[in-house]
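Both complexes below contain subunit A, partnered by subunit B and then by subunit C.
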Partner chain A sequence: MAATEQTNEGVIVLSDNPKLTRRKRRRMILACYSAAFLLATVAVYLLHFRHVSVFRLGGYFPLLLSFIIVLGGLRLGGPVRPFSRRIGAAAANQPLIQLRLGSRKHPPDETFLDERDIAIGDHVHCLAMSILRCATFLFVLALWASAVFHHPAWLPVVAGIGSFLLFVAAMSLPQGIILRAEPDPVPEPSAQIAGVPQ
Partner chain B sequence: MPNGPSSSNGPGKLYNRIAVLRAERSLSRQDLADALDVNYQTIGFLERGDYNPSLALAFQIAAYFNLPIEAVFSPEPFRPLSEQVYGNGRNRADK
Partner chain C sequence: MKSPRKFLGFISIETRRRRRTLVIGYYALFLVIMVLQLLFSGPAKYDRLLPIAYLAAAMLGGLTVDGPVRVFTQWQRNMKDGSAYGIDPVRLRRFSSIPPRPSGSAYDERDIATRDRAHYLAYSTLRWAMIILVLGMMVNMDWPSARVAQILLFLSVPFAVVFFSLPQAILLWCEPDLDPDPEDPGTQSVFKAIP
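Let's look at the complex of A and B:
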């Protein structure tokens, strides 16, 4: 099933692979964020403890990799694509979110969202905002406490990389929540209803 | 995930006859979705009661089926259409 086909698999079209069920989506989201966190930890290690390469560029490579893993880089076509609310009537029935794992196809930017899609979008943005607010508060509190009581040398590195992780989360969390929570598309039970064309 | 203007899990659950009306008219979900300008999956969510439509969409659906809104949506579970139209067997026998 091509990602850009208007076959109405639902709000979410799961790349070219129809076997990407909700369970697999959840694992994928967990794997994405775990990988991003792991790479950020590697970046902290490289930047602070190893002082790698010229201008420390080597230390930023894991961060770049995590950016690509979660958001797909500058073209923003990775597993968790940033949310778009641009509405175009011409692109009717385009899905809200498209995963393009292993595919370089880019669908039209204009996306048709009906009232349920918009309600889901609003809900997950609200939820993501609450999560990020707590995460940012705890992060800033931890930094402040470290700075006041210990003033460790690694503080600037951790602050920078933590901010980067928060940025990645801010860009991708709403979609991550949708991908985690949205149920699998239910096929139309037309065979059970007499009179409905097969 | 939200279930629409009011939650379908609480007291705000809204029952509907969309599936029956659609079947009577031999419409697929896609046909109805095209007519209402919504996503195909939204029709499925509406039919299963997983999503309560906005007032505008509810009126749009009722207008599409050419029925009053209370014939399509109800806060109470619907009686079967056949029973509502013909009455149950006991009532008819009494007559």
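Let's look at the complex of A and C:
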């Protein structure tokens, strides 16, 4: 990936957490998407064998949101720094809890993300959009096939599971790409110069 | 981010005003088609719009080889000029009416940054659309599954159209007009006025 090739000097987009190695990040991504796939499988089982509608499983969505929020990107605190400068400005200028009833806008914090971070974030969104475009094509194709070939029993299943997985992907795919592809930071060379004792 | 400056081969989109008119007209056309389909054919045959939506959503370019917006990826460009199949693009051009592409047609850094920014904006917008869709589903959970599925089928057409065309529409909407080249100083009137 071109964007991550530019980040060999260190972890740019990720928040500074040296314990979060690439291997751990990849495991985290695998766990998140496995959980989503498992939830979708359970939804299919409930729908077909227990006749429980996917749309009645309201507990799914808070669960989905919880592990999507864990990845960061859309808010502060996750392993991926927020993609928007305005979030950084809001965090820097506001107390933790505040009633914001007005439409106060925060100026972008220029120090929060530099041009390189923004370029990486944009490129990752471009990749995510390409993947999501293919997924949407398959989803709509499945909907169309269910409707055209007169399988109304399959239509709720396809619609429910497809929208479920599309929602997961739409919320977490850019963060997942960054977490998976970002290299580990290169350790800084020691300050000791050859021949000069510390 | 553009190669041919004509939409469908005959609608000129050289100016910013025309490009914005094209974007508005493009989405308005889909809206009209959807309304007409529902009015005259009813929701039963609504699914026939989906293939049309896919075909038409690619007309803005970006994903297809010919359109007002250049194709986004290098492999698509390689397929377009035949180099992906081992064909020399120069030889292919001899048998084609398409003029040879300029030497600087590969994406430079600015093109890539513009393309990525348009995708970022489109993705952010669509993420909100997904959130609203899911929240709507949660609010209306007492509806029967078949009815929600029908609503999703109904929403899939505008969703597909927007998903496949929003980055291209953003590029066309935001692309500024090029300043005209300065005239040759020898032809300017100020020099002609000097006796």
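As a convention for this text, the second predicted complex is superposed on the first by the 108 of 198 C-alpha atoms of A that agree within 3 Å, B and C clash if a C-alpha of one lies under 4 Å from a C-alpha of the other, contacts with A are read in each partner's own complex, and residues count from 1 in each chain.
FYI, a contact is a pair of C-beta atoms (placed from the backbone, for glycine too) under 8 Å apart; a residue touches a chain by one contact, two chains touch by 3 or more.
Quick caveat, the model's predicted, so the values are computed rather than measured.
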Exercise for the section: For A:181, decide between first (touching subunit B), second (touching subunit C), both and neither. Expected result: first
Handout entry: Contacts of A:128 with subunit B and subunit C, given as first, second, both or neither
Key = second
Exercise for the section: Pick one for A:119: touches subunit B only (first), subunit C only (second), both, or neither. Expected result: both
Practice task
Considering only touches as defined above, state whether A:156 meets subunit B (first), subunit C (second), both or neither.
Solution key: second
Practice task
May I ask you to decide whether A:170 touches subunit B, subunit C, both, or neither, giving the answer as first, second, both or neither?
Solution key: second
Problem - On subunit A, positions contacted by subunit B and by subunit C - result: 119, 122-123
Problem - Residue ranges of subunit A in contact with subunit B within the complex - result: 8-11, 92-93, 112, 114-117, 119-120, 122-123, 181-182, 185-186, 188, 190, 193-197
Handout entry: Contact set on subunit B toward subunit A in their complex
Key = 1-2, 4, 19, 22-24, 26-30, 33-34, 37-42, 44-45, 48, 51, 53-54, 56-57
Completion exercise
Per the touch rule, the subunit C residues reaching subunit A in their complex are 47, 50-51, 54, 63, 72-73, 112-113, 115-117, 119-120, 122-124, 126-127, 130-131, 133-134, 137-138, 140-141, 143-146, 148-150, 152-153, 156, 159-160, 163-164, 167
Practice task
Show which residues of subunit A lie in contact with subunit C when the two form their complex.
Solution key: 47, 53-56, 58, 61, 83, 119, 121-123, 125-126, 128-130, 132-133, 136-137, 139-140, 143-144, 147-148, 152, 155-156, 158-160, 163, 166-167, 170-171, 174
